[in-house]
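Each of the two complexes below includes chain A, the first together with chain B, the second together with chain C.
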Partner chain A sequence: MSLPETVPFLGWAWDDLLFLFFAGALLGTGLMVVIGRNIIRSGLWMICCFGALAGLYVLLGAPLIAAAQVLIYIGAISVLVLFAVMLTQSKSGPVGLVFHHQAWAGALAALGIGILVAVVVAGTAWPLAETARTPSPTEELALLLFRDYVLPLEVVSVLLLAAVIGGVFLAKREREPEETIVPAEPARERMPAPAPAVGTRELTP
Partner chain B sequence: MTETDLVAISPLIFVIALAMLIIVADIIWPDRDDISTGLTVAGLLVGAGLTVLVAQSEAREIFAGAYVVDPLTSFLDVLFLAIALVTVLVAPDYLRPRGLPMAEFTATLLFAISGAMLISGSRDLLVLFLGLELLVLPGYMLAGYAKRDGYSTEGAIKYFLLGSFSSAIFLFGLALTWGFTGTTRIREVAASLAQLDTASALAPALLMGLALLTTGVAFKIAAVPFHYWTPDAYQGSPTPVTGYLSVGPKVAAFALILRLFVEALAPIKADWTPVVIVLAAITMTLGNLVALTQDNVKRMLAYSSIAHTGYIMVGLAAYAGAPVGSEAERAGLEGLLFYSVAYAFMNLGAFAIVSALQHRRGVTSQIETFAGLGRRAPWAAILMTLFLLSLTGIPPTAGFFAKAYVVLAAVQAGGWVSVLAVIAVLNAAAAAFYYLRVVVFMFMRDPPETARPVLTGTMMRAGLAITAVMTIFIGLVPPVTSGVIEFARVAAEVLLVRTAGG
Partner chain C sequence: MSALTRPWGHLTLAGKIILPLVGLVIALTLLLLLGVATGVIPALVLFGGSLVGANLPIVRFIVAASAILLMTVPTAFVIIYMEMKFIAFINMRLGPNRIGPWGTLQSTIHGFKVLAKEDFTPTGVDVPVFTLAPVVVYLSAVMTLLVLPFAPGLVGVDMNIGLLYFFGIGGLNVVGLLMAGWSSFNKYSLIGGLRAAAQVISYELPLTLGVVGVIMLAGTMSLNQIVLLQAGSFLDWFVFQQPLGFLIFFIAAVAEGNRAPFDLTEADSEIVAGFATEYSGMRFGFFFFAEYVAVFILSGLITVLFFGGWNAPLDLNPLLNWAGLSVNTGLDFGRLGVGLLFLIALGPVVGTLLLALPFWMLRSDWSVLKSLVIGFLLFNLLIMGAVGLYLAISFEAVVGLFWFIAKTYVFVFVFVWMRGTLPRVRIDQLMGFAWKWLLPAALLNLFVTALAVITVDAIR
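Moving on to the complex of A and B:
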């Protein structure tokens, strides 16, 4: 049994239908990640979001990237994030997040930018649109990665190392917990006044 | 990739290896601040030597055209290493009394510097972006380095949120540029844009890409109206970090502008010149006006650094506004580079003095701290006066020549850019008010009765000596001045030859 050339009744190409499906899923799940109040659910929606993105990669003829997306983002990063959330969070998350106060402004801005991008992309005569899309075999991709783009590839690892070191420093527990650092600055506008600091005694002996 | 590629990029690899070495040394000998500081200082000197050594060989593209080691790269790399050196010398005096370790500080700083060095020679949009991230990511962490201090954390969060937001904007701009030109190599982007019909309007996507790139970069250099993160991040950060943040990422972001706008986007320069002119004008003016009202010296210096962004942008505007191939084009870039050097040393010096005063915990950076400093610690007061006079632009300091170069370049460029020259001079006059106010406090007020002597360590003195000597020598000693100028000229010419030659 074979499928008809185009989608029955609608007359679209199957690619377009699949694109609509994945793009819609991407936007919808992305929205759920942002508006959800339960951070675990947000994390689960994020997995769906990554999955839809992997589908888009397949449609674009990049199966290797799609596979990497599934393995790394869904398989590793999402699980890592969920575990980190579960291990660090006490009981339930905050009910109302700070950013929810400006949700409407954010939604309007997002809509405006979305329309702008759509208009811009549709209104541009892309010079390279006519060039045929060639499927990229793994070998070619590897050559690109390890020959032309070997410098960025290596730099990414340095970037990750720097981020890990910084993250560990900020997250690690102090050795002497009783010592508190005195806020070095006095109160300024838009900030709550600091708690009476121990070290300020130094100024008035 | 061949071994010659690795030799050419060895200063960068060296700095990254040094950062890792410090972390390993800290694991073996924990809490030995002297080891990590000593390693860093020695390493930075070796790194600078290595940079100079590599610079002797012919400039060439490496890593399949993704990176280049040319005079501009060497010029900027030496400057970045000097910035790191002064920061590391100044930091222990502030961090140690507050119980903050040096090892993580120096390692993170070195990672940031390696990002800056990556930008300085980048010939690929992807490398440019990764260099930018490697530069700013450790910066966020450094801003929040005093993690028990609420202000430090607040400043770091603001810096992080707005910083990553602007990185995303910048990346989107890169993506649109790449989508339009079909390449990430800067040489090919420029070649592709050069083929565009200059008479007709730009394609919408390219225009949007340009707008996003400009916005992203304006965030990074803290140009008005994209400067909102600056005062809080600068005031909250530990003072030596503020000193670094006010020069390191700023100069590196200008390096990015040189590689991206002056090289890749030069063919469409007519489209971004007006934006640069307007941004320069409002950045100078607003930075100075708000600085006038500040009572906290760190916050005042934060706004002053915004104003200086504006002055440096005058150099960029002079390049952009000048006719292609004219003398003013080169003068603008030369001014930009010279200003960056002068600004780096005088601003680091000013923040070093603030750090020295804050050696004791609990001492604030309010202007009252400076009252009577002329009597309490004459040397600190004299040096602070020197740095402030240089920031004002009083001859014969480095700051005067820096301002003179960018203003003259702007006059040479003509057109609307010469209006910018007038605005810059007026701003410099207005800025004298708030810089000299600190001087008045230091020499004409009585010290508060509670004031205690200012303590400075040997390292701090070395850092102050370097910045002071550079601030004076760049202005006063003709061989040094002409040396820097000559180096800046060679570096600027590299860019111009390449943009002219396609």
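Moving on to the complex of A and C:
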């Protein structure tokens, strides 16, 4: 006795059920990112959202992209975002998030984008892929990236490098003397992390 | 009630544990006999067998997942005991020596102690995040075990992107550390969490770049394939082709596992255990379980990538064949017939008596009982050795597992050794070392390897 070919009582393929699960998780966590009041929790929901997206990639037969998604988006980018938020959040900072001040405008923009996406999706024919999914797409991806599209890849790399250098330049710029409130200690200048501000949240009973 | 409670109160602690167990065993035996007599259990076994046969991949996955979850507990206990004992030796102390012979049960007692402690949630913490953080840290460590090849055929899932999966899931533990640090509502915890984020992100680059050389040589990211490519003698191990890559990877792995000298995230002497300050009971235990499991996993990965995984350092089979020592492993116990029954019934008794005899004859001050006990223990040792040898000869996986575990524990020992020897670095030294030394060295290794691969291809 093995598992049935389709989901019992519903008649869907198992892939469809998994897709519904991941897509639902994606939408739900995405919504939690923007409607929460706590910015760190929003960041954590964003990590869950990226995880659901990685699940979708695996379902589509692209485990390499899923692994890259987990490695880069969750392991590096989200962690950096959380890091920056934890460093900069302070008691004097804004309590409400930006989304809350612009809720109506945001809702209108989201509605507009939603309608646009619906129109485009409905208006496009979606032919099935001719070729079968390859079990190991790593080599093909490498060939595409480093042979056929090597110039765009290098251009993007240079752009990213320029962005990094610009970020370092902006962060390291000499401040105006009247702006410096705390005199910089020479011995501490090389420490990357200033003392983080704690006590940002209200004590919840 | 008092008629029952009074004898219960007179029992020792061991009695209170053993008595319910005896009752349970008797009840289960009765149930089993009843099931066999009515034919329910044979039918269930047949049905279960057919179910397993039809869904082999799913069953295999479930078994692998449960097995790796279960093996983390003894692994962590062994490594904790190793660490206590070796660091005590380095510090010229005795180390744990009270519970069990040579203190071997000390870490088990630590486990029970942690379980029995109050699980306290301080005021002001972000409760869901605070609760989930140890789970994230522990699971991220355990899930990476799924792709580690222990022995031929003994791997949870043989993915063709195994290495990427390993780094992706292993990198999730920093999310757990950040969650713990932030939700604890304590500035030391927050500093610990922030240090963890900065450190893990910085060292992930040399960690992954250091392996790229191995991937280029192997041409695959499947850990199983990488091990298979290193078959042969120890000269085929990748450490000889990638010495710089191994050094970079090892240093980055120490930092990735938050171990001394890069243990700034806990740093108990400066930020009172960092992210774990506010945790107590089993939640605290989970963090440290995860740390020791991570030590095992990182050592295992070093073994797999650079030291030939489950391959023996020297293949002894040709030598044995040449010496005429090759063993026919096709033992058929059924051939013995009734003799098998006699062997099972009389073997232990005769063996024990035979082994006890010399002790009883040679030492006049030892009682009969003492020499019998020693004979019994010796007999058990001999039989265990014989069974182990038989398994090692008949099954490739047993020898492979032996070599994998042996090599892995060598690196676990190096981790412990470093913790006992090296002082903790400062945070700016830590970051500077990653970005100014390890990363350029990893890039250099990458280019040199690429050049070597191209040159070798051109010559051929």
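One rule holds in what follows: the second predicted complex is superposed on the first by the 147 of 205 C-alpha atoms of A that agree within 3 Å, B and C clash if a C-alpha of one lies under 4 Å from a C-alpha of the other, contacts with A are read in each partner's own complex, and residues count from 1 in each chain.
In the analysis below, a residue touches a chain if its C-beta (ideal position, glycine included) is under 8 Å from a C-beta of that chain, and two chains touch if they have at least 3 such contacts.
Note that the structure is predicted; figures quoted are calculated from it, not measured.
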| item | value |
| --- | --- |
| Partner chain(s) touched by A:119 [first = chain B, second = chain C, both, neither] | first |
| Which of chain B and chain C A:40 touches, first, second, both or neither | second |
| Chain B versus chain C as contact partner of A:67, first or second or both or neither | second |
| Partner chain in contact with A:79 - chain B first, chain C second, else both or neither | second |
| Touching partner for A:173 - first (chain B), second (chain C), both, neither | neither |
| Winner by number of chain A residues touched, once chain B and chain C are compared | B |
| Common interface positions of chain A, toward chain B and toward chain C | 191, 201, 203-204 |
| Residues of chain C that touch chain A when the two form their complex | 47, 50-51, 54-55, 58, 123-124, 126, 129, 159-161, 164-165, 167-169, 171-172, 174-175, 178-179, 181-182, 185-187, 190-191, 193-195, 197-198, 200-201, 204, 221, 427-428, 431 |
| Partner chain C, residues of chain A touching it in the complex | 1-3, 38, 40-41, 44, 47, 63-64, 67-68, 70-71, 74-76, 78-80, 82-83, 86-87, 135-136, 138, 190-193, 196, 198, 201, 203-204 |
| Footprint of chain B on chain A - complex, ascending | 116-117, 119-121, 123-128, 131, 147-152, 155-156, 158-159, 161-163, 165-167, 169-170, 174, 176, 179-186, 188, 191, 194, 197, 199-205 |
| Chain A-facing residues of chain B, complex | 1, 16, 19-20, 23, 63-64, 66-67, 98-99, 104, 107-108, 111-112, 114-115, 118, 124, 126-127, 130-131, 133-134, 137-138, 140-141, 144, 146-151, 154, 179-182, 192, 203-208, 235-236, 238-239, 296, 298-299, 358, 360-366, 450, 452 |
